[in-house]
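Below are structures written as structure tokens.
Okay, so subunit A shows up in both of these, paired with subunit B first and subunit C after.
After this line comes the complex of A and B, so read on.
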């Protein structure tokens, strides 16, 4: 293994392969599909993966720390839905935003607390909290599936912002990606995430505050989800809570895993997210241009994700002697 | 007795604290929480929803329950094997579609539809099993992905064929029967679910494949190292889960006569929640089909009840989320902390005021006065032996003793230098006795009463007595059989020192000081074991009186010796013959002069006697201090005491410097010598008794001269 944080030789291969596939797909689509290479379409590709990529950044940090956050999409959709509902029912903007921030923080803390201090597997905690967040907000706080953005609100204006004809969320994605890169690569706490993900027991033994940092990661992931939700609402002028039951969550995992972030933790970085997002963006765009129905797109994505997990399993094998008991 | 002490004795002797620990040791406490949740759930919804328990309403809910509980049974098996199957919803939906397709569109027989359903489930399960079992992928993510895959496939199929199914005119009596009718008051799906649950339960608890599943779930690595085919076992659990889900899918196809976009939606999180709420552990190995079924009823009652109460969209997910989070957390915390809690609360000391005693100090002038005579004993097997609790000699002067390693070692006469392992029993052989035929009878700690024939054949005589009705802990099992002796009629009288602790935890019993020791008798004629006396503080040594009409037994933690009458006017009763000794008595054996030898395993100390009057202090001590810092009885000094038929003390000897025999647990007189053993010692001592009959042997004393 070379310097920590940079993928080692094997996952570099995976990243390289995925990157190569993305390039090949891009070239093939550029040649074979009319209108693909059009600048507007290219911007559309980047825009379409921006939200996905932002969510994947949050997911990546959690996965590198040997966790997973299945509540990300629920937090993303339901926090913003609640926010908009509050605005629509006349709560002042500042107060509504404070409520939502507090709610998001609470769910992030709850996730982190249950994973770190109650030792419950992350996958169950976040599955449960995701279900709870959706159910609670949908049944108690909002009245219908889709909540519109109020006229003239800053979220709506945000959706109209352009710089050099490029929508704002692309810049947000780029900015966040850079921030996460700096965080993971150059800050002490960012480095700790790799240690904790690679070997939690050893990390704890050398004095790294493993548990508080676990909490931090889930809080981070929750806030990233909120940002992604706001951007979604900005571009669509409403938020549809049915997205929670869609395959968006698996797209996020797909972006992270296919980019080469090992599910066993301690490996990968922002670059992997970018590569994964690029491949998925090109793929989705190409499928849309070819006019494959959405249902079939889901089937194809599921097949790709399955392939990615199998490859991940082969590259990072586990066996009876080394597997952790109860590690499911 | 001061008022404070009276309060203490009431508080600690009348309040049954020990029951908490005993209940916690029971496996069924695992079931108690889900069962309680089940009762509460049913009671709540039954009282809130009008007509909840009406027959028609129940039949409709149980029909759904039948399908659901099948899926949960499959999920339970997968989870017991250490995995998880989130794709059950997809399998369920796809199997339902297969049945619908074969029956309504291909218009084939219902049985073919059933076959198609099952085939779908098996194939899907096999894919999961291959990926998780053989490719060793992570179960959760992998089945999540196959779930999306299956769901996407199902959505495509349903939208494509929905119209055709609507137009189909296929009907079948069998289908209507399965879907709508009841059989002996229960619907077919419930019958099938019950049969499946029973078969699965029997398979899991009483068949080799079932044990393999539990072993793999309990410890994958150990199972692998024990030669179980882990991968195949895991594979089979997923195939089974697919099978269960497919039957459920077939049943819903019969019930709804079709498949819709909502079929099997959210089923995976419901099934998972049901299994976990029921108490099936994540990570495998712990749980049962019954627990899964309890969870299924809880979850289905909750979700259906909330719908019938009119709560809106999303309520189900909210409730499922809360239930899952709470159940998983409780499961993990319970599993992790149960033994800690148990360790903390199990020791429940009682109050005891020991009577004033005479001193045993040298020069005190009492009959108990100890000296250093045992320091001069020769040693046998020094450094070779570990823990000769009891020693005994046969008619050929060979010396036998038990060891910590579960062996009975024989030293050869006359010099006792050569030794061999006479028999390997296991456990920790404690008390020894020869019967008339020359079999060596031994009380084996943690195992029971055993017999070793002269040609070394080991036979178990008894490992249990009758169960008492009121005891929570299983008092039929012999936990600490300690010493035995044999009556002239061949019946073996032996002690079981405590019901609450295993043999190696005898020191904990001394701190708790609860009177649970027993005197038992084994009858070789019919092989029965009976409890004669109960409720002594650590019954220990047993010795038949010289006339064979009564026996002496020691009550260690109360420092008393009792006499139990076998015949005569007092037959079947016990009387205390020596009380308030300064030492803790252990084994008792006959002496050549018509008296009896008694070993002292340790000496009373004022501090420990005081602590016995402060059960609260001992309780705090066992909870807050590491075991190394606990106050135990003093076992650094012991001795050998001779007493007469009436209980009068004749003499006492010891080894006060403690170089050879600090703690004495047994002694046996043989041809003018006293052979001394100690459970923590590394040797047997041989001490020449001045003035003893040089021809007296124990076998001859019991069974007469050599036949």
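After this line comes the complex of A and C, so read on.
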């Protein structure tokens, strides 16, 4: 802050820039686009990024600890597809859910173990486990890309749940965001994640259980993916495993990174995810209202991301430490 | 006496004729020529992916018939990845067991053109199914997407009625796939003839149900009085229907889509009112058309790449009112049948 009370340009980081862009877009859309400011439309915006945001929360925790989870979308789609397939072929609900929980836990543990104890880079481990999960479930456990939710099942009922006319995903996203905030901010292990992400060797030297915590983060990310998958199936009454081939995974990383969670680890928090998700949500909604074709939508999305990264690079030049350690 | 002798002679002649007739039937050159031309021939299907109803239906009907005439039927699963499909085609052409007929479900207008040319040069007949491409294949079997779009638009106009808002929303696929582009062209042709009907929005779903839901939510938010929505594929129309359900507009928005006529994907949803009308492809007949053209090409003796036939499948917009027990085919039943073998 200078004496005039204006925010100092130097203190503006990527989160601030993206937040400013989001506010400008919001105001412009509110003035220029009829119906944008309508409460129902605002709810629709939040809802449209809820599943994305939930996945980004899991990704954020992993990235802050200087890792990345490229298996998130595969876990999300395939765990739920397998669950629904089990239900459709007559397995009892409890047993099916227990299988799926065990499967998700196993993949999270495998990711964490390979990264933490076998010292394989996270980007390769999770890329491989993601392909494995998709390939195995798709070829061995389910018969089709799209698996429907059995009629009257709780997942279907979940999709119809509304409080104050607001869909359930929004509350789940808000609740999870709050829980992650408490975890990262006020728990010992949450704080440790920043230390471990900032400087793993130093964290280990002062006695932080760096490796078990790494495993925990991948398990957490896997369970968050399961929740996101269940919410997707709840809304659409089916899950389509084609989503694994889509750009969703990049969108998750985009939300986390555009919000200002550095890929070099140790920085950022839940607020960054919310800012990133807000920008993407407002942008997509406004472009849909204007009826911009998908090709141009992707172009505009990419241009804004590039712009934010360039401005961040100018305002916050990379310091000696990051230069030495490098990103993931 | 003379009469008796004549009668006997006639009877003998008759008996001889009767005796000779079966021998004559056994000499029908058809079956032998048919068997000789077809036996051991290889047919390969490369769809966009094996994991969805159309491809599984085609594979079922083709396999049954090809194996019945002593051929080999194979499929490749590129799982929606264009490169993987290209790889599968390349491998097939250069392998020792080069297929005699290659059935290709093209992802867009141009991707596989060079490979298909190579296949024909190697002597493989190329059939395009469902999606047209900028390539003179030996035969195209599938929907006339323009006509299909017209049927959708007509169904939407009928679903809206004269006293409606006459506002129609489109959920397109993308801007690269021929099925999406031609479908759009067909819809606009009909709407041009009905100037009182207006397209209020035409977002793309990129064939993804979640995207379809989000864009439809926005569309309904902006135009709550839309009377009909046309979603370009039943694979993502579940998203559009979720948006309609969430906006509590069930029964007010007439949802039109198109699909392969699978029971769970189409007929069940017409029955429960999720879809107002579905332009369904008669999959068994479409597979039958493919079988017929394969049998023709293999017997014709003409080199690959010299014939260019278009065989469009008869399309029809089906609504709940004209739903019949045999309107759809049942993927579960086909899978059970295959598993029982």
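Here is the rule we go by: the second predicted complex is superposed on the first by the 283 of 328 C-alpha atoms of A that agree within 3 Å, B and C clash if a C-alpha of one lies under 4 Å from a C-alpha of the other, contacts with A are read in each partner's own complex, and residues count from 1 in each chain.
Keep this in mind: a contact is a pair of C-beta atoms (placed from the backbone, for glycine too) under 8 Å apart; a residue touches a chain by one contact, two chains touch by 3 or more.
Since the structure is predicted, the reported quantities are computational estimates derived from the model, not experimental observations.
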Touched partner set for A:250, first subunit B, second subunit C, both or neither: first
Touching partner for A:207 - first (subunit B), second (subunit C), both, neither: neither
Partner chain in contact with A:124 - subunit B first, subunit C second, else both or neither: first
Broader residue contact with subunit A after superposition on the shared chain, subunit B or subunit C: B
Touched partner set for A:309, first subunit B, second subunit C, both or neither: first
Touching partner for A:295 - first (subunit B), second (subunit C), both, neither: both
Subunit B versus subunit C as contact partner of A:133, first or second or both or neither: first
Which superposed partner A:240 touches (first subunit B, second subunit C, both, neither): second
Those residues of subunit A which subunit B touches in one complex and subunit C touches in the other: 138, 145, 295
In the complex, subunit C residues that touch subunit A: 49, 51-53, 56, 79-81, 174-175, 201-204, 206-210, 213-215, 217-219, 221-222, 235, 238-239, 242, 245-246, 264, 331, 335
For the subunit A and subunit C complex, residues of the former touching the latter: 34-35, 38, 40-41, 44, 47-48, 51, 138, 143-146, 148, 159-160, 167, 232, 235-238, 240-243, 245-246, 284-285, 288-289, 291, 293-295
Residue ranges of subunit B touching subunit A (in the complex, touch as defined): 82-84, 131, 135-142, 144-146, 148-149, 151-153, 155-156, 159, 219-221, 223-225, 230, 269, 272, 276, 282-284, 311-322, 324-325, 328-329, 332-333, 336
Parts of subunit A lying in touch with subunit B, wherever the complex brings them together: 68, 114, 118-121, 123-125, 127-140, 145, 247, 250, 253, 263, 295-296, 298-299, 301-303, 305-306, 309-310, 313-314, 317-321, 323, 325-328
